[in-house]
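Report on one structure; see the data block that follows.
Letters are used for the chains, namely A, B and C, taken in the order the chains are written, and counting of residues starts over at 1 for each.
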């Protein structure tokens, strides 16, 4: 009877505050990421570049940019990127697993764990461009590394690292390894420490050797975070730019064997060939989107039991931050 | 000062689940009302609707004579004590208590006076500069009470405030809250799932189940005249025994028959003659003392297990295929695996309809 | 029987750890040594002992007309500090919005952010340049600072932290106490989030301090450039003609402040990495 009156009674709702609080994020994201992404995709279907002082286009050309892209050295650069990433990632994951296992093994009483952790993480914070510049100076023909090797009698004449394919790629991989193995070690350690200690005790009582414990208990338990490390590292590898760019002064020398995809993109952006830059970006975007989906499902598994595990692992513990 | 009135209040969550289908409740001014029930019965939701922390889907809520549906929590003149205390961890005890006052722009000296008053009553004076982290559970609980007190609210809302304390402290805080209620003379609404807390503290108790009020009455009445099976089972510890009994006509009334027992009751059970009813007998109404023994009200039960509590003993019985608990003075009790003769206090037998579960 | 292999493993572990420590520290050791030596000394060969040209190298870097190092430091500081503040504050705000309130788009919004969690910004760089050109922000520091408002990884960290450390009862208590929603966020939530804010602020600072790709595209004037671009400029200059002492000094300037801050706060940073899980 009074229903009409009643519906006029307002209820208190805080929903609007939710929208207000998340608005800045989404506005910034839309302006600086979403619209740019849409434009990038849009222009990838146009002929649109600068030749001298005149701007050609934009004229729609359909998939021409993509055809041109795959006829260019794109695949070679993709190959470079993969080689550089793999060469850095394999030692990175092996060393990180080893260190994580050692650091968390109660029977190995390693002293100064904190010191080692601090040291191995440090390269991650170094400006990649400065790091590359440092390597360039150190490994140049008459730099200190060659000087030392010659004076120690290991080499007769200085080795021109940056003129050899293996040397240059090796240096890039070494830098990537140095910059990331500490980070990975700490992540894996956190994962291992998230495993209930009683599980290790049970394994020990069951007569597992340290090696068996590692392969049969530790590895399966930290699998989700290994997947996470792998995928984020792949995305990081796709983004590889600063190190090879500075080390080779953007040339990817020798013979563009260390030119990565982002360096390729950068060259097109510099020469203001927006159509081609767009096409490269779209391909990169598709690859990244797939990887993002993998991360998403890794972090939010559908099965309930894994969800619980996951939450625990990623839940920051206040005490740990406080000290 | 203010009473609280719910008129046809409905609470439906966004996901479509209705936790409170239609609530009508009138809490008087200065009354200590306890909302009690098993978890998920809607008691907390009801309290949070009074606080304004949950919106009201339909119906009207009045505090005093003012309609409160659309009034923000801060304007309802209420204070709330949470289960986990909800003390601001980064503020000292003093600052925790003055947080609301500062927002209300209360003058500094009045603020000091109020904090001093509350701290004195609650024995918190030595801790005013401490952070909540440095306090024990009981102290934190008192700070939470103090924070509510300094605001001079018309209504105090307490949401399971004692459930995080250990048993001894709980008993102590129980009496402290009761004293506080008398001293402040304001309306208290207290939510708990613990029937002991409800019985000892409430002026009136509102027993809820599935969002529906089962019975709203004084503790004594709830205990003596439970209106249905649920309330009868919920109030009292150990739980009331429920036994299926057949109603037969007897001279001067009706008798309830189960096993060999034939308990004559002074009730008009004409409608139930020949049918089975549920017969509720409180464990303390089963007597092992001789002076209660009589005709027909005797059972001879087998003791499955006995729990010695000191002055009395709980006997877990089997009789005529049904389980029962008796609470008898220790010196009359027997041990497990023995048989015991017990007398049923016929005057205190509660009867419930088997289908509707309502009291007869 | 059990102790011997353990002992051997300990020795191996120490050897590997010391080798890695050497790898991590050695290059920086050379860097620090070389920035104190003159060009001639460096050319003459390597030395384990520092030279005496630190001040000279420092002055020649600072006063190089072609390399605006001082303004580079200033720009880098401005960008990094602003990014750290914006990224942490707005990520906490976003996380709070999704954590404390119920609204229709809550779940889609959360899923969306989780999906773009690790999406690199490079893929939209082309459109980004277009947009900021239209907004008149090209060659200013704004396009380097403002996007920090939307930092999905920082958001995720804050959200996880709230789940473990911010009971909603506290928010409700504040509501009853008469605090409005913004006041609650600033005066109750932010203080509780301090440890998380500090850790993420450090990461955001370092990340932007080191950022090269986008600034190199956006900043065209010398006076606007940040340190990584100056280093790239140094690389593209005719290297052989360069004073090597100066080169090492510039690298030192770019790296050492971060290392000092890192060593001072290493305990928190290492703990933060372990907790974050998500970081580019």
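Going forward, a contact is a pair of C-beta atoms (placed from the backbone, for glycine too) under 8 Å apart; a residue touches a chain by one contact, two chains touch by 3 or more.
The structure presented is a predicted model; accordingly, all values stated were derived computationally and were not measured.
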| item | value |
| --- | --- |
| Chain pair bearing the highest count of C-beta contacts | A-C |
| Identity of the chain that, by mean CA position, is farthest from chain A | B |
| Chain centre separation in whole Å, for chain B relative to chain A (CA means) | 58 |
| Chain A-chain C separation of Cα centroids, rounded to whole Å | 15 |
| Multi-partner residues of chain B (each touching 2 or more other chains) | 52, 72-73 |
| Where chain C touches two or more other chains, by residue | 102 |
| Residues of chain A that touch chain C when the two form their complex | 14-22, 24-29, 31-33, 35-40, 42-43, 95, 98-99, 102, 107-110, 114, 116-123, 125-131, 133-138, 140, 142, 144, 147-148, 151, 178, 181-183, 186-187, 189-190, 210, 225, 228, 231-232, 235-236, 238-239, 241-242, 245-246, 249-250, 262, 265-266, 269-270, 274, 277-278, 281-282, 284-285, 288-289, 291-293, 295-296, 299-300, 311, 313-318, 320-323 |
| Residue ranges of chain C in contact with chain B within the complex | 102, 167, 169-170, 172-179, 183, 188, 191-192, 194 |
| Contact set on chain B toward chain A in their complex | 52, 55-60, 67, 69-73 |
| Interface residues, chain B side, partner chain C - complex | 14, 51-53, 72-74, 78-80, 82-84, 86-90, 99-100, 103-104, 147, 151 |
| Residues of chain C defined as touching chain A within the complex | 5-6, 9-10, 13-14, 16-17, 20-21, 23-25, 27, 30-31, 34, 42-43, 45-46, 90-91, 93-94, 96-98, 100-106, 109, 111, 113-131, 143, 146-150, 155, 157, 160-161, 163-165, 181, 185, 195-196, 199, 206, 209-210, 212-213, 216-217, 227-228, 231-232, 234-236, 239, 244, 247-248, 251, 254-255, 258-259, 262-263, 266-280 |
